[in-house]
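Look for subunit A in each of the two complexes below; its partner is subunit B in the first and subunit C in the second.
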Partner chain A sequence: MFILKLVLKNALRHKLRTFLTILGISIAVMSFGFLRTIVTAWSAGVESSAANRMIVRHAVSFIFPLPYAYREQLSRIPGITMVSYANWFGGVYKDPADFKNFFPRLAVDPETYFEIYPEFTLPPDQLATFKQERGSCVVGAKIAQELGFKIGDAIPIDGDIYPGRWDFVVRGIYKGKDASTDETQMLFHWNYLNERIKELQPSREGNVGWYILRVQNPGDMPVIARTVDQSYLNSRAGTKTETEKEFQQSFVSMSSAIIRSLEVVSFIIIGIILLVLANTIVMAARERTTEYAVLKTIGFSSWHIVGLISGESLLIAGIGGLVGLATTFPVAAGFATMFPTFFPVFNVETVTIIMAALVATVAGVIAALFPTIRALRMSIADGLRAIG
Partner chain B sequence: MKIPFAYIWRSLWARRLTTALTLGGIALVAFVFAAVLMLSRGVEETLIATGSNDNAIVLRKSANSELVSQIDRDGANILKTFPEIATLPNGKPFASTEVYVIINLSKKGSNDMGNVSVRGISPEALQLRPQVQLLDGRWFTFGTQEIIIGKNIAQQFQKCELGQDIRFGDASWKIVGYFDGQGTAFDSEIWGDVEQMGAAFGRPVFSSATFRLTSPEAFEAAKLRIQQDPRLAYMELKRERDYYEEQSKLMSGFIRILGLVVTVIFSIGAMIGAMITMYAAVANRTVEIGTMRALGFKRRSVLGAFLIESILLSLAGGAIGIALASLMSFIRISTTNFGTFSELAFGFTLAPSVIISTLLFALLMGIVGGFLPAVRASRLNILNALRSA
Partner chain C sequence: MIEVHNISKSYRRDSLEVPVLTNITIDVPEGEFLALMGPSGSGKTTLLNLIAGIDRPDKGSIVVNGTDIATLNESTLATWRSHNVGFIFQFYNLLPVLTAFENVELPLLLTNLSKKERREHVEASLKLVGLEDRMKHYPKQLSGGQEQRVAIARAIVTDPTVLVADEPTGDLDRVSAGEVMTLMDRLNKEFKKTIVMVTHDPRAAEKAHKVMHLDKGELT
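So, the complex of A and B:
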C-alpha cells in the first residue's frame, strides 16, 4: 500500500512531464490502434465471408466473363442448392477524382441474389418492386446516407466497361445484418444490362462475371470445386472455383505489400512509445538516485525499488494506453465518415484493443528495465553521493 | 551577447542517454516521413517515365484505363490516316493498336495470385517505346504464339523461365525472351502479337491505340480532328505521359494521404518527447541559467541557446532518419496498382525535395518541441533561480 502511494506521489512530482508523457503515449497508442484497424478493415471481406458459399470465375482472370449457359449446368451438380450470378459494372458516378463517388456497382440476378446473401436485408415490399422493375436498383444504406440517395431517385452512371449513359432508379435500400456487412454496393438487374449490351455490342450478350454457389454441406466444397473446374477444363471459358473466403483472400493478397508496410509502421510506433516513456522514466530515476539510496539505507529491500520504478512506468503507460484506446474509437469513426467508401467495413476489432493494451503494458515494463537495473546495482554510498 | 555554442553542445553531451532517446524518437518519425514520400514518388516516377511526351494514346471516353477501354477496328483504321501521326521509313503510320488484358499468375514463394498485365502489340510498338530493351533470349515473332516477359514479372512470378509455355486465353504461349523497360511500368507486363492475343482472348476490338505525333504541338490538332469526326466521337486522345500520370494518382495519393496522416500523428509523439527532454534540461539547469543571467547574458540569449539545442537535436534526428530511409532505395515493392488493377513494381525514390521536406519537418518538430521550454528558461527570475539549489 505504501509503495502504491509513493508511486502516485512520484508520478505527480513533475506534473507537466507526466502529463506530456501520458499525452505522447496516448497519441502513439491511438495511431497504433488506428493502423491496426486499417489492416483488419482490409481483410474484413475475408472475415465476413459465409461458410456455405463458393465463387466460380474465369480461370484466366476475373476480367473475362463466363457464359450464361453455365447457370443451368452448375445447378445440376449435386450438392449445389442455389446458383446466382453477378457482373462487375464499373462506370463513373459524377467526379471520379472524389473517393466518395466510388462504390461497387453490380449487375445481379434479382430473383436469387438477396436469397443467397441473407446478410443483405431488404424490406419485402422494396424487394418486390425491385424484382418487377427493370431499370431499378438497390443501394446499400451507407452510400445512401453518404451520397443522399432516396427511394425514387435516379442515379446516372457513365459506363466504361459497358459504354453509354445509364440511369437507375432507386427502389430499395438494403441494410447489413451486422457491422461487418458491406453496405456500399449498388445492385441492379443483370437482364437489363444484358439487353442493352445486346443492342450495342451483340458479341457480348450472355456474359456473366462470376457465379455464386450455395452448397448444402461445406465439407463437400473441395469436391464441388474439382467437379466444376474439371467439367469446363477443355471449354473456351475454363473456370476457377473457390470458397468465398479464398476468393476474398485473393483480392486482399494483391495488396499484401501495402498491408505489410502498414504493419511495419505500426511496430515503429511501439518504438516511439518506448522512447518517450523510457526517456521520462530514466530522467525520473536519475533525479531520485539519492532517494533510492536513502530508502535502501533505512531498510527497504531492492524489490521496493523495483516496485517504485516499474510501478510509475506502468502507471503512466497504463493511463496513456487507456486514453489512447478511448480516442481510437472516435478517430476511426471520423475516418470512416470522411472516406465512407474507402473501406466498406471499418470497425475497431477486439483483437486491436487487446494488442494496443498489450503494447502499452509491455512498453511500461521495458521502459522501467534499464533504470531499475541501474538503481539495483548502485551501492548505497554512491547513491548518497550522487547529485541529481 | 550570445551564449557560446560549446555550452549548447556540452549540455547535450552531458545527458547522453536522454539525448539519444530523444534523437531516436525524432529519427524514427523522420524515417517514416521520408519513406512515405519516397514511396509515393516512386509510384509516380515509374508511371510518368512510362509515358512519352511524343506519343499520344487513344481510349474510349470515360475509360480511366486501357483495361476498360475499347476501340473498334474501323475507328483504328481511320485514326491511322491522320496527318498528325508520324510516318515510319517504310511508309507505314507510326502507330500501334493494342489489346490489354490481365491474367492471374502465381507469385514465387507463396500461392498468392497476382494480376499481370498482358499487352498485345503491333510491330511498330517497339520503336514507339525505345526504352524497352531485350534483356535475354530474343524478341517474339509476329504471327506466332510467342511472348516476351518484363523483368519484374520474370522475377516475381512462377513458371516464367525462358522456353516455358504458359496457358492463358485460348492458347499456349512460349516464353522466348525477357525485356527491360528501364524502370517503367512495362517491366511489369507481358508482350505478344496483338492479332494472336485478340484471337485467343476472343476480343475483336482493340483496347487502345498509341501513336507518335509528328511534333508535340500536333496533339491539339489531332484531338480536334477526333472530336469533329462522328465516327470517332466516342474516343478520347491523351498524351501518353498524362495518361500514365493519371494511372499513378490513385495509388500515390493513397500512400501519401495515409502516410502523412500517420506521420503527423507520430510527429506529435516525437515533439512531446523533445519537449519532455527540454523541460527536464531547463529544470536541471535552473542554477546554471540563473548564473548566466547574473553574468549578464540576456533573456533572449538564453531563449536562443535552448532553442538551438532543441533544433540541433531535431536536425540530427532528421539526418539519421534520412540516412535510414536512403537504405530503402535498394528495396523494390511489387503490388497491385489500384488505378489499373494490375501488378506494378516500384521503388523508394530519394529526391532532393524529399530530403528538404524531411529536414524541414524535423526542424518544425524541434522548434515546436523546444519553444515552450526555452521560453520558460528565459523567463526564470535570476534570484529565485540562483536560490533553487
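So, the complex of A and C:
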C-alpha cells in the first residue's frame, strides 16, 4: 500500500514531465492502434471469408471474363451445391473526385447471390422485388446511410468499362450479419448488364467476371478446384479455382508492400513508446538514487525498490496506454466517416486493443528494467554518496 | 556494544585498489557517544557505514549487540538495520514527496504495528524533537534545522539501540546545529542511545564522550 502511494506521489513529482510522457505514449499507442486497424481492415475480406465458398476466375487474370456457359457445367461437378456469379461493373457516380462516391458496383445473379452470401441480410419483400425488377439494385446499409439512398431512389451511373448511362432503382438495402460484413456494395441484375451490352458491344455478351461456388464439404475443396481447373484446361478461358480466403488473400497481397510498410511503422512506434518512457524512468530513477539508498538503509528490501521503479513505469505506461486506446476509437471512427467506402469494414478489433494494451505494458516493464537493475546493483554507500 | 575488530576496507577505482581503512579496532560501550573526526577522505564515513551495516569490511569483524553483522546476508542485514540502527545524514535525506509524519513513519512500515500504534510512535517521536505542530508539512516547507530534527525523529522512531550520524550539523547554521546537538545529547543521556557521529565540527564533537581521529584510514 505504501509502495503504491509512493509510486503515485513520485509519478506526480514532475507533473509536466509525467504529463508529456503520458501524452507521448498515448499518441504512440493511438497511432499503433490506428495503423493496426488499417492493416486489419485491409485484410478484413480474408478474415470474413466463408469456409464453404470457392471462387472460379480466369486463369490468366481476374480482369478476363469467363463464359456464362460454365455455370451449368460447374453445377454438375460433384460436391458443388450452388453456383452463383458476379461481374465487376465499375462506373462513376456523380463527382468521381469525391472519394465517398466510390463504392463497388457488381452485376450479380439475383436468384442465388443472397443465398450464397447469407451474411448479406435483405428483408424478404425487398429481395422479392429485387428479383422481379430487372433495373433494380440493392445497396449496402453503409453507403445508403452515407449517400442518402432510400428505397425507390434512382441511382444514375456513368459507365466506363461498360459505356453509357445506366439507371438503377433502389429496391433493397442489405445489412451485414455482423460488423465484419461489407456494407458498401451496390448489386444489380447481371441480366440487365448482359442485355444492354448485347446491344452495345455484342462481342462481350455472355460473360461473367467470376463464379462463386458453395461446396458441400470444405474438405473436398482441393479436389473440386482440381476438377474445375482440369475441365477447362484446354478451353478458350482456362480457370483458376481457389477458396474464397485464397481469392481474397490474392487481393491483399497486391498491396502487400503498403501493408508491410504500415506494419513496420506500427512496430517502430513501439520503439518510440519505449524510448519516451525509458527516458523518463531512467531520469526519475537517477534523480532518486539517494532516496532508494535511504530506503534500503532504513531496511526496505530490493523488491521494494523494484516495486517503486517498475510501478511508476507501469503506471505511466498504463495511463498512456489507456488514453491512447480510448482515443483510437474516435480517430478510427473519424477516419471511417471521412472515407466511408475506402475500407468496407473499419473497426478497431479486439485483437488490436489487446495488442496495444500489451505494447504499453511491455514498454512499461522494459523501460523499468535498466534503472531497476542499476538501482539494485548500486551499493547503499554508493547511493548515499550520489547526493553530490 | 559495538566491537570493531581489525577491519580493513578498500575501494576499487577503475584498476586501482584504494585502501580506505586499515586494521581498525575500536570498542564502543553501551550508552557511549563517540565522535569520529578527521580530514576528508580519512575513512570516517566508511567506518560509520561499516558499523551501521550498510557496507561490508574486506576483513575483520564488527559485532553489534552480540551480532557479527559482517556475516549476515543482505536481507538479514536489512532487517537487522531496521531493528537496531537509526540513521542521521548530513543532508537529512527526507523523501520530498512525503510529509514529516510520513517520513518518520517510514521505518515503522516494516514492522507489524497497527496504523494506530504507528501514529502514536510517530507523534511521540515528533514531539520529542519539538515538531509535533509540523507533522503535515513537507520537507520543502521546513527549515534545514527542522528537516534534520524530522530526520532524527525518523531515526529514533523504532527505538533503535544505536544511532549513527554522518555530519548531522554539516549543513546547518550555528543556531540550528546547536539545537540538533542538544537533541543528540539528550537522546544519549536521557534515552541511553549509543551514538556514533562523524563530524568536522569541534563544537559538535564537544558533546561526545569520546573523540577518535582518523587519518588516511588509520586511527591516530
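As a convention for this text, the second predicted complex is superposed on the first by the 386 of 388 C-alpha atoms of A that agree within 3 Å, B and C clash if a C-alpha of one lies under 4 Å from a C-alpha of the other, contacts with A are read in each partner's own complex, and residues count from 1 in each chain.
One rule holds for everything that comes next: a contact is a pair of C-beta atoms (placed from the backbone, for glycine too) under 8 Å apart; a residue touches a chain by one contact, two chains touch by 3 or more.
As the structure is a computational prediction, the values presented were derived from the model and not from experiment.
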item	value
Subunit C versus subunit B on the shared subunit A, clash or fit after superposition	fit
Which of subunit B and subunit C A:Val276 touches, first, second, both or neither	first
Spatial angle subunit C-subunit A-subunit B, Cα centroids [nearest 10 degrees]	90
Partner contacting more residues of subunit A (subunit B vs subunit C)	B
Touching partner for A:Val60 - first (subunit B), second (subunit C), both, neither	first
Which of subunit B and subunit C A:Phe267 touches, first, second, both or neither	neither
Which superposed partner A:Ser255 touches (first subunit B, second subunit C, both, neither)	first
Subunit B versus subunit C as contact partner of A:Pro96, first or second or both or neither	first
Nearest-approach distance, in Å, of subunit C Cα atoms to those of subunit B in the combined model	9
Shared contact residues on subunit A - subunit B and subunit C	none
Complex interface listing, subunit A residues touching subunit B	14, 16-17, 20-21, 23-25, 27-28, 30-31, 34-35, 38, 59-64, 90, 92, 96-97, 158-161, 163, 203, 236, 240, 250, 253-258, 261-262, 265, 268-269, 271-273, 275-276, 278-280, 282-283, 287, 388
Subunit B residues touching subunit A - in the complex, by the definition given at the top	17-18, 21-22, 24-25, 28-29, 31-32, 39, 60, 62-64, 67-70, 101-104, 110, 112-115, 168-170, 201-202, 204, 234, 249, 255, 258, 262, 265-266, 268-270, 272-273, 275-277, 279-280, 283-284, 333-336
Subunit C-touching residues of subunit A, taken from the complex the two chains share	2, 6, 9-10, 12-13, 290-291, 294-302, 379-381, 384, 387
Complex contact set, residues of subunit C against subunit A	46, 49, 52, 54-55, 74-75, 78-79, 81-83, 87, 89, 91, 93, 95-98, 106-107, 109-110, 154
